[in-house]
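Structure incoming, see below.
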Amino acid sequence: MNDSRTFNWSGWLALALLLFLWEYGSRLNPKLQLYIPPISQILVTLGQLISSGQVTAHLLITLRRFVEGYLLAAVLGVSVGVILGYFRFAHSLLEMLIEFLRPMPSVAIIPVAILLLGIGDSMITAVTVYASMWPILVNTIDGVRYIERTLVDTGRTFGLSRPRILWHVILPAASRYIVTGLRVSLSIALILVTTAEMIVGSQGLGFFILDEERSLHSSAMYAGIILVALLGYCLNRLFLLLESRGMKWRRGMIAREAN
Amino acid sequence: MSWIIRDSRLNGFLFLLGLLGVWELVAEAGWVNPLIVPPFSKILSSFFSLIESGQIPWQILASLKRSVVGYLLAAAIFIPLGVLMGLFDAFHRGLEVIIEMLRPIPPPVVVPVAVLFFGLEDEMKIFVICFSCAWPILLNTIDGVRNIDRVLLDTARTFGLSRQRIMWRVIVPACSPQIMTGLRVSLPIMLILVVISEMVGSTDGIGYFILDSQRRFKVAQMYAGMLALAILGYGLNQLFNLLSRLLLPWHNRKVD
Amino acid sequence: MPILEVQSLSKTYRQLGGETTFAIGNISCQVEPKEFVSFVGPSGCGKTTLLMSIAGLIAPTSGRVMLHGREVTGPPPKLVLVFQEFNKSLFAWRSVLGNVRFGIEARGNRTREAEFRARSLIELVGLKDFENHYPWELSGGMQQRVAIARALAYEPEVLLMDEPFGSLDALTRLELEDTLLRLWEELGTTILFITHDIEEAIYLSDRVWVLSRRPSQIIEELRIDFSRPRNQVATRAETRFMEIRNRIYRRISNERAV
């Protein structure tokens, strides 16, 4: 979707125009400044917050919770997913349970988690794991379940034992589905961490943004939002980088499918 | 036990019943703190009495009201925008950078901004939902329009159709499956964000109800609210499937 | 002493709806070591089922398969099957070299010598410059060659091939037929080949078995003794070639018409 062939002059121009309107629209309307402060003011505030270290602590806390929750979700999601995808009986047992839990938005688990785990880090990690696990689990199950029969038979005809077939054939073949699940979970994990921080108020960028809003420090609030967006963007790029490294064999296929 | 078939829905159903049974026993016996995990029967009775008293329907309605408005608003704004961006490449490139800047913002952090603008009223939630549902709807619409087969358009032109008629008779139907995909993906997003915005700043709605019950330690009520939410989610999915089958009978797609 | 014996093999499938499919009726045959034999028959006659049963991937309903005098109850270690759908059989996440190496690794051999063997096999099938390519980058004919190289890397005594050239264009098919014959002569593997192309069967084989429609049985066995190495022009130009071909064709047509 990205025409990265030529530099997008009109796009950046449009952005510059928007920022320009924002800056001067805000400056000329003092009443508006509480709600939409001038972009220059926001950036200055952002700089101050970073250099004073005020917001860095929050950023690191959010990042830590994110990493813990996401990695744990990945490990759990993939292992349980492989088991359920491979053993049809186990899957048939849990299928209905999964069907009933899926439509409930994962954020609704937050109050329960507060009851069980209080309002600290473990609660935030727990809800992040719960929510992030779903896409990984479902995609892994699908990837393992719907493996081509011929592929498995190929492993068998070469005399591979069942465990070796799982490791050498089924998992690599399912990897593109697993990676899709991992990619979707990336955004979900960040959403859950920031949401929990907002609701529970225990440090972190989510809390920071809401807190600044409550004190009517709108510049600081927007600065926090920019920071979160940057965090999300960097995490996404990191993921894409790792993905293209680990899945070299897919790069060409992806490029071809995209055309 | 030959009636346990290897791959049947019966297994799942029985297992679920079994789990609920275990839950009931464990909770009644007091092995888990009943203040944190009450027996399932208690949750069910709370659920039904809340329905009877009208509490749950009221909260659900409140949530539904604002979420549907936000959802439809997103559709009304971003489907036409997506069509325009899909059809006119210059327009697409113009807005592309701005959109790519806005996309990485996790939807929940928009809530404080919405609170700043609108306070704790319905408009706040509508704003949040509209923003959050924007991206899947917009991107899928753009994709759908861009991927319309050239052959289809050329065929319409050889039949001498005017631009207007091409628009409505060819383009819209051809990209509607993809637009439906965008709408379908946005549905759970709508639900998630209405719950989040109600938990962060509201005085009613099912999300608020669940959190508030927890704060007052009315635990069975809290779980009852979650049950209602799950049913709502399921119901909306089914409704969407039904509508999409009615509107696009020629296109065969199943929703998970 | 035959290397492979099929004894009264039959296979029936029970479908989900309760229908029964009689895939294989009653098949018995023997294959001598280093022979090249083919099965031809009308489509849907159960050729794939037959091969899968011999390969130990499907359990027969009755009868048995003997390899080196021992019954086949699962995929036997000295035998490998090359599938018809090579694009579903090749490992997309491994390069050409990686795929061929898999055949060797499957035997538990991970030494440097294994790598060398893989490379020479790749060269033998004519894909020397494509070692580091991935399957999606190759044409159908090239992919099938990779599958064959991978199977041969396993050093099987018996190679089963399920319509390997069926989805390829005519010219590629002829080329691969000769490649296969060359490999066969060099490696001395026993080959069981399935095809719907009568002339291909005659061209390649020492013996051809004609199968009936479902439930399939052997309705004719023909010995092919044209001189080797075979030649796409000379061999096919022999009068007897056409005679055999017509005979088989008539037999199969009868089966189809009934």
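Chains: A, B and C, in written order; residue numbering restarts at 1 for each.
Here, a residue touches a chain if its C-beta (ideal position, glycine included) is under 8 Å from a C-beta of that chain, and two chains touch if they have at least 3 such contacts.
Computed from a prediction, not measured in an experiment: that's the story for all the values here.
At the centre of the protein atoms shown, by the Cα-centroid criterion, sits A.
Put simply, the chain farthest from subunit C by mean CA position is B. Each chain gets one centre point, the mean of its Cα atoms, and the points for subunit A and subunit C are 48 Å apart.
Each chain gets a centre from the mean of its Cα atoms; for subunit B and subunit C, those two points are 53 Å apart. Inter-chain spacing, taken between the CA centroids of subunit A and subunit B, is 18 Å.
Taken in their complex, subunit A has these residues touching subunit C: 148, 150-151, 153-154, 156-160, 168-169, 172-173, 175, 247, 249-250, 252-253, 256.
Subunit A makes touch with subunit B in their complex at residues 1-3, 8, 10-15, 18, 34-35, 88-89, 92-97, 99-112, 114-116, 187, 190-191, 194-195, 198-199, 205-206, 209-210, 212-213, 216, 218, 221-222, 224-225, 228-230, 232-233, 236. Interface residues of subunit C, counted against subunit A in their complex, comprise 52, 55, 57, 74-77, 79-81, 83, 85, 88-89, 91-95, 102-103, 106-107, 134, 136-137, 154. By the touch criterion given at the top, residues 6-9, 11-13, 15-16, 19, 36, 90, 93-98, 101, 104-113, 115-117, 139, 142-143, 188, 191-192, 195-196, 199-200, 207, 210-211, 213-214, 219, 222-223, 225-226, 229-234, 236-237, 256 of subunit B touch subunit A in their complex.
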